[in-house]
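In this document, chain identifiers A, B, C, D and E correspond to the written order of the chains, with residue numbering beginning at 1 in each.
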Amino acid sequence: MNNILNHIGIENYIFLSVILFCIGVFGVLYRRNAIIVFMSIEIMLNAVNLLFVAFSTYHQDAQGQVFVFFSMAVAAAEVAVGLAILVSIFRNLGSITIDNLKNLKG
Amino acid sequence: MNVSLILIILLVGAFATFLAGDKLASKVALFFSLAAAGASIALLNHYNLGENISFINQWITQPNISFALKADGLSLAMLLLTTILTPIIIFSSFGNQYKNSKSFYALILFMSFAMAGTFLASDGLLYYIFWELSLIPIYFIALVWGNGDVEDRKKAVVKFFIYTLAGSLFMLVSFVYLYQKAGSFLLEDLYKVNLSATEQLWIFLAFFLAYAIKIPLIPFHTWQANVYQKAPTVGTMLLSGIMLKMGLYSVIRWQLPLAPLAAKEYMYVFIGLGIAGVIYGSIVALKQKDLKKLLAYSSLAHVGLIAAGSYTLTLDGLRGAVLQMIAHGFVVVGLFYIAEIIFRRYETRVIAEMGGIRSQTPKFTSMFLILVLASVALPSTFNFVGEFTVLYSLSQINIWFAILGGTTIILGAYYMLKMFQQSMLGETNTRIFTDVSGNEGITLVLVIAVLFFFGMYPKPIIDLITPSLEEILIQINRIN
Amino acid sequence: MSTILIIFCVLSAVTLATAFLTIFSRNPIHSAIYLVICFFSIAGHYLLLNSQFLAIVHIIVYSGAIMILFLFTIMLMNLNEEKEVHRPRITRLGAIVSFCLICLILIAIFINSKPIVGEYVTTGEDYQSIKVLGKVLLNEYMVPFEFASILLLVAMIGTVLLSKKEKLQK
Amino acid sequence: MNTNLALLLLSAPFLGFLLNIFFGSRLGKTVSGIIGTIAVAVSFAVTFYFFGAIAAIPEGIHISLFEWIQISNFKVDFGFQLDQLSVLWLLFVTGIGSLIHLYSINYMHDDENMHKYFAYLNLFVFFMITLVIGSNLLVMFLGWEGVGLCSYLLIGFWHKNQEFNDAAKKAFIMNRIGDLGLLIGIFILGMLFSTLDFATLKTAISGATDLNMYWLSVAAFALFIGACGKSAQIPLYTWLPDAMAGPTPVSALIHAATMVTAGIFMITRLNFLFDLTPDVQNIIAIVGAVTALVAATIGLVQNDIKKVLAYSTVSQLGLMFLALGLGAYEVAVFHVITHAFFKACLFLGSGSVIHALHGEQDMRNMGGLKSAMPITFATMLIASLAISGVPLFSGFFSKDEILLVAFHHNIPLWVVASIASIMTAFYMFRLMFLTFFKEFRGTAEQKHHLHESSPLITIPLIVLAFLATIGGLISLPGNSWLNEYLTPILPKLATAEHHLGTTEYILMAIAVIGGLVGIGIAYAKYIKQNAVPSEDAMITGFSKVLYNKYYVDEFYDTIFVKPVNFLSRFFRDTVESGLSALVFGFGKLTNEISYQGKKVQNGSIGLYLFAFVLGLCAIVSYLFLAQ
Amino acid sequence: MNTLIAIIGLGVLCLLFEIFNLRKAIVPLTIIGLLGVLGLTISEFNSTESYYNNMIVVSKFSTAFSSLFIVLTIFLVTLGHNFYENHQSKISDYIAIKIFLLAGAVAMVSFGNLAMFFLGIEVLSISLYVLAASDRMNLKSNEAGMKYFLMGSFASGIILFGICLIYGAMGSFDVTEISELSQSAELPVWFPIGIVLVTIGMLFKVAAVPFHFWAPDVYEGSPALTTALMSTLAKVVAMATLYKLLSVMNADVSESFKIVVVVISMASMTIGNIMALRQTNVKRMLAFSGISHAGFMLMTLLSLSTSAGSLLYYASAYSLSGIAAFSVILYVCKNRDNEDVVNFHGLGKTNPLLAAILTASLLSMAGIPIFAGFFGKLVLFSQTIQAGYLALVLVAVVNSIISVGYYFKLILAMYSKEPNEDKKQTPFVIYAVAVVAIVLNIALGLFPSLVLDLLA
């Protein structure tokens, strides 16, 4: 069995996931729609997951993949809580634009 | 029997006073302060018999801090100043009604406790703790029971607190720095530290900042007059009578022996600063309209001279400084009490609103005049002994220091007599001024008796403080 | 250039492109769809790396659960049309600047670092079959596994807490 | 025995003070006056005993009570020294003091605070005795400041009048300027010789081989400044005329006979020091001569009877300093004693006049009192003759000796002193003529009450007049008892030659003629021409300058008092608030930063995240790219 | 390990109480349970053991901090009795979440594997998101929850990325292995970057500048009790975790990294203190004060090997005074819609005891002697000077001075203003918590060795 990284190279995975992660960051900064911001965060987490798997292959080690499970659980939990908060904001405010959340400042 | 007894009495007294309730508070406080005074005199006796009355016990291992109370002559002298003035100050307040008096008197005792601790501590950190602790009660005393407009008072008091705290925090850093070198905060261990001249200079300056603000020396004095004016008279007495001396005492006990090279190198600068304070304070005092403010500036002038004496690094300078500290403590308490007595009757501190009191009150006037004269260091009063010694030490350094510092006896007479004239003399005032009551009289007579007794016979105090001052001088002149 | 590399490049292109589209789409539903595609392409990467189980779980959890949750919410809030106010230029500029910055910095660091030379290790052992993963997860990683359940429990209580109407106790 | 007596000497007046201050008001006026008088009389008696005893003890009696102040290189005992000089001084201090106390019983009888008056007076005598018998400079200084205090209290005795209080304050402060000089001198002596004890100091100075002449001169000069303050010499003389605000007996005792001579006492005491510093002696002589002249010129035109006497006192003190400066200590002492007699007499006489006129002091409102107050007139005439240097009266001998000494040392000084003494004769007789001759110029009311004073007032006057007449006997030219008596103090006298030659007689004649000329001019102007000094507003020309005392007070006011007050206001209003603002400035600055900072925290998540990312970029690039 | 299990069990029990309709008993029973856990934890103090393949490592450090967390939770739960009076139907949820939060916290200081660390921090964060947003009808609370959630997840992403890079470099999540491997010479650059990223994520949690922006807003918007939790428990947990993370992974902290720490520490205290000066909302003010205290605590990272004791001490001092202060704030601001300083006017007259307690706790935070805060600062200064960062100490000193300015603003309001309302009933629990907390604080001040020497 051949290590797939001999064809691709771990650097490529790193670059891919760095770029993907940065796209996620960009999305968080760029968008004001809370849902899209959530999605961007998911992209960030997925970028990391991808890198985990790549490193897992690199080390020929299962732990990396196991960690991805935890990270998925975390992502799910976060999304659930986040959306719950979002819903209550939507109920109070009628909008999910995060720029409208500027009551607390100074 | 050792000196921790005093601290315990005062601390227990503070709690007891607080628990005693508003009605009994003043009496309980007086009782405990008298007990402390008695105990300190008893301790003095033990000390003179050659017994060891110091107390030392490890407190914290890491960092290495000891609960070390060292009672040498200097500390005992200052302790006596504190414990004897405290009952006088408490007694002087008997004519006033304070709301929530249990807290008031408890705070006074607590402050007395902290100040006594400052004078006794021989562990740098313990000393620092007491130093800071003494700040809190006076802050509340001035804030809650002070007079004048609340906003102004707040401003003045907060400035005072932050300003003095600011200074002392740099002292804390110095202590920590020294600790890194010595591995202990004990004074005798700190003596052993080898410091380069630069290090000494910085440590000296950090200490100086703390003390210059506390004493206060110009130009760090801006808190003083306002706080004196705003604080209740009891607070002013505590501040000027004892707390200022904490700064001066610390100069002698801590600053000079810990950074002797710097002290020697920059001696002229600091003496000059002290003397500038003498002249500046005297001149500013001339045109003050408020009696308490005037006394504040006179205090500025006097402590400037004391500080100048300390920085001469001569035995005379140190001794004179200590003598003058004690003398000034008594005289300034007396004078502020005078201001309070006038306030009780005329409800004013503005000098221009007084006048023509002398013809109504022979006793009061005489005592006031005696205090004024003591304040301008008339020979036969205690202040003269101190001032003479300090000026003599200054003349040993440079005759011009003595001449400039000596202007205090001219300018001092000028503003004090002017104040006396404006407040007491002249056509009989239309408002009735009843002569001193029994309590007031006793307080003043006590103060005056002390001033005259030690003015004529300062030997007991001189003998008490000289050995420890000589030891400090040995440390100042040590060669590392 | 091997086939595998070509596949990798294609997948990567899809991943990045859909990720970008997710962010740039004006309609949240479109974003969601793009995101689903993005997730699928990531699952493709997993398959490429030969971890089939993870790929499947990934699709189930992300595309199946999380994205449905998103879609439900979008529908619930009736957000299918663009409601987003026009963003100030400074925000966009800031976002682009920081994106470029962080991207450049990270990539620069990785380029600067020593490249991995030589062959990648191939132990030949099985390390990513369901069997192995199961063993690792339930033996070595038993405690975190259990702890993850606490995480989910907390999330559940929290969600309930946030959504539950209180009985008025007046 | 001697110790106890010395203590009695000292404590009697103090006891009197205590009794009067605490119980005086209850004892009643007469009793309190009697207590005061007896207290001083006791001292006088004791002094008399010592006067007798001292002859047997040439080195003096030294008493040390306890250790007072400790300095690193020496200790100062609270001790006393009774020797020829101090006993001599005590003799006239307590003697004249007793008389003046006696005088005051009547003089002050109308005052409600008479017990206080006697208390202060007793206190003064106590401090004066301390000053005189102190065995070291510091005890002397105690007395020195003490008498200053009493002077303050007594000048401002009528404290309801703020002008009097101003005068008292001025006296105290100007004295203190001198005191600072004295202290500086004490410091230098202490440093140089490690002692302040007169006896030790004398041995140290005379025994020393390598004296630091510079510092010695500085010390002597500083001490002289002290003397200037107390003895009202230029430039510190202006307080003395103002001090006339006090009751007249006080002026007689303190500001004529005793306290103001303290400077002379001190310099005489330290003659061994001053003898070594000729530069300082020259300064003293010049200052003395100039003071004598300046004060005499001012005295020419004063209309207040007491002011005339005050300037006369300053002038006479100037003459004494002239003598001191020329090294003729015994002459100065001689003049001190005669001056004490006749000036006290003059003051008491003027007091009697003022008393009779119910407080009137302006000579323009007097005149013709000769008949109403014959005893006062007679005694004052004798005293005036004495001060004018008319032969056979005491002043003649003492003043003549000063002029003699001046002539021998320095002709210009002699000229100045002679002019001053001619002026003295003029203004004294101007005073006599204006007061006692011609018609009474006061109100009818006053005229109605004119009367001779009671015996309590006249007896002291008579005694003093008697002493003023015969006082010269103690030091007759060529056969001086005084010189002999003072030899232990002034060792030079033993070797000094006193011969009377032609020069001396000529000088004497010149002085006498000068004095008579002065009297003559006064006679011509005020009796013949019947002139009365013009109203204040009408005085013009140089006499206006003189009448306003050369504007010295105004000058001091402009260059010292006003600048200090200006500075005080400037410091109070500008510097203090500036410093305060500086301190508050730090607070204000941080508060302002805080206020601006609040704007950054604008609530926008985008901004927060942007800061987050920037922070991350900064840290990562610093750590991994910048290295 | 036993602690963790017991806490989780307790959390589940809380949920069960709800089912059995024992709402009234929840708080007392939880407190009793927590006290039991505390006893259990302390009994394990001297045993150093690792459980389940090194997932949980019980050491002195972890037990000491766990005990502190448990004590803080006891206080917070007790305060909940009063705070959640009007939310009886949800009280079990609130309490359970807090207990689970504690479980997360304990996991964070006793992890032996980065997986535990990550899960712990997520449990803690998610609980906090929920608690922050828990006042669901209040827009401020929603906003606070949302802000915290968005930024928190962002930070979680960064932490995760960091962990990933560490894994990439080391091939393991086990801290012992990582620690051993980090000694070897040839390390890919991934490892230090990973460490830095994780550190940044944790700096966000402790609210250090420039990752602090969320703190004031979230503190202000959250329900007061949640703010109390965040400013005491959460901050201390994050700080302890950061400390443990850096020390346990033996991540050879380079000089330049230390400089970064120094700069962040300086910036945190300065900005925190200066910004606090002009705040009128007490919670917001304490948020900024918390930022500055985070700056102080970061000083411990400069001497990792020796400063565990000082960190524990400082954390205890700070959090105890925070608890005391917040219990007074809870009392004063109950049934008010804001926490403005105005509400504190005249407290010295209407309720002198609570005013005194608040004063004492503020003085402790300001570092006035005899209160524990002073010794906290002292040992920090001492260690930092020893480590050679005198400049940092001087900045810290200047900051201490500035901080007095705003602490005293509150004290002044209590003592020099007239009260705007009459005295109101003070619930017993408030007194109890406030007094116990401040007494503990003073006790720590009088006998600092008790805590300082614990981790020596």
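Definition applied: a residue touches a chain if its C-beta (ideal position, glycine included) is under 8 Å from a C-beta of that chain, and two chains touch if they have at least 3 such contacts.
In this text, all values refer to a predicted model and were calculated from it rather than measured experimentally.
Common neighbours of subunit A and subunit B (chains touching each): D, E. Hopping across touching chains, the smallest step count from subunit B to subunit D is 1. Of all chain pairs, the one joined by the greatest number of contacting C-beta pairs is A-C. Closest to the protein's overall CA centre, chain by chain, comes B.
Of all chains, the one whose Cα centroid sits at the greatest distance from that of subunit B is C. Comparing the centres of all chains, each the average of its CA atoms, the largest separation from subunit A belongs to D.
Each chain gets one centre point, the mean of its Cα atoms, and the points for subunit B and subunit C are 71 Å apart.
Per-chain CA centroids place subunit C at a distance of 103 Å from subunit D.
Chain centres here are Cα means. That of subunit A falls 27 Å from that of subunit E. Between the CA-based centres of subunit A and subunit C the separation comes to 5 Å, rounded to the whole angstrom.
Each of residues 10, 14, 24-25, 28-29, 32, 58-59, 61, 63, 66, 70, 74, 77-78, 81, 84-86, 88, 98-99, 101, 103-106 in subunit A touches at least two other chains.
Residue positions 587, 598, 601, 603, 605-606, 609-610, 613-614, 616, 620, 624 of subunit D are each in touch with at least two other chains. Within subunit E, the positions touching two or more other chains are listed as 115, 119, 122, 126, 129-130, 133, 136, 145-147, 150, 154, 189, 193, 216-217, 405. A list of each chain pair in contact follows: A-C, A-D, A-E, B-D, B-E, C-D, C-E, D-E. Only residues 115, 118-119, 122, 126, 129-130, 133, 136-137, 139-140, 142-147, 149-150, 153-154, 156-157, 160-161, 163-165, 167-168, 171-173, 216-218, 220-221, 279, 284 of subunit E touch subunit A when the two sit together in their complex. Contact residues on subunit D toward subunit E in their complex (touch as defined above): 587, 590-591, 593-595, 597-598, 601, 603, 605, 607-609, 611-612, 614-616, 619-620, 622-624, 627. Residues of subunit B touching subunit E in their complex: 59-63, 103, 125, 128-130, 132-133, 135-136, 140, 143-144, 150, 153-154, 158, 161-162, 165-166, 169-170, 172-173, 176-177, 179-180.
Of all residues in subunit E, only 146-147, 150-151, 154-155, 158, 189, 192-193, 196-197, 200, 204, 210-211, 213-214, 216-217, 254, 256-257, 260, 271, 274-278, 402, 405 touch subunit D in the complex they form.
Across the interface of their complex, subunit E is touched by residues 109-110, 112-114, 116, 139-144, 147-148, 150-151, 153-155, 157-164, 166-167, 169 of subunit C.
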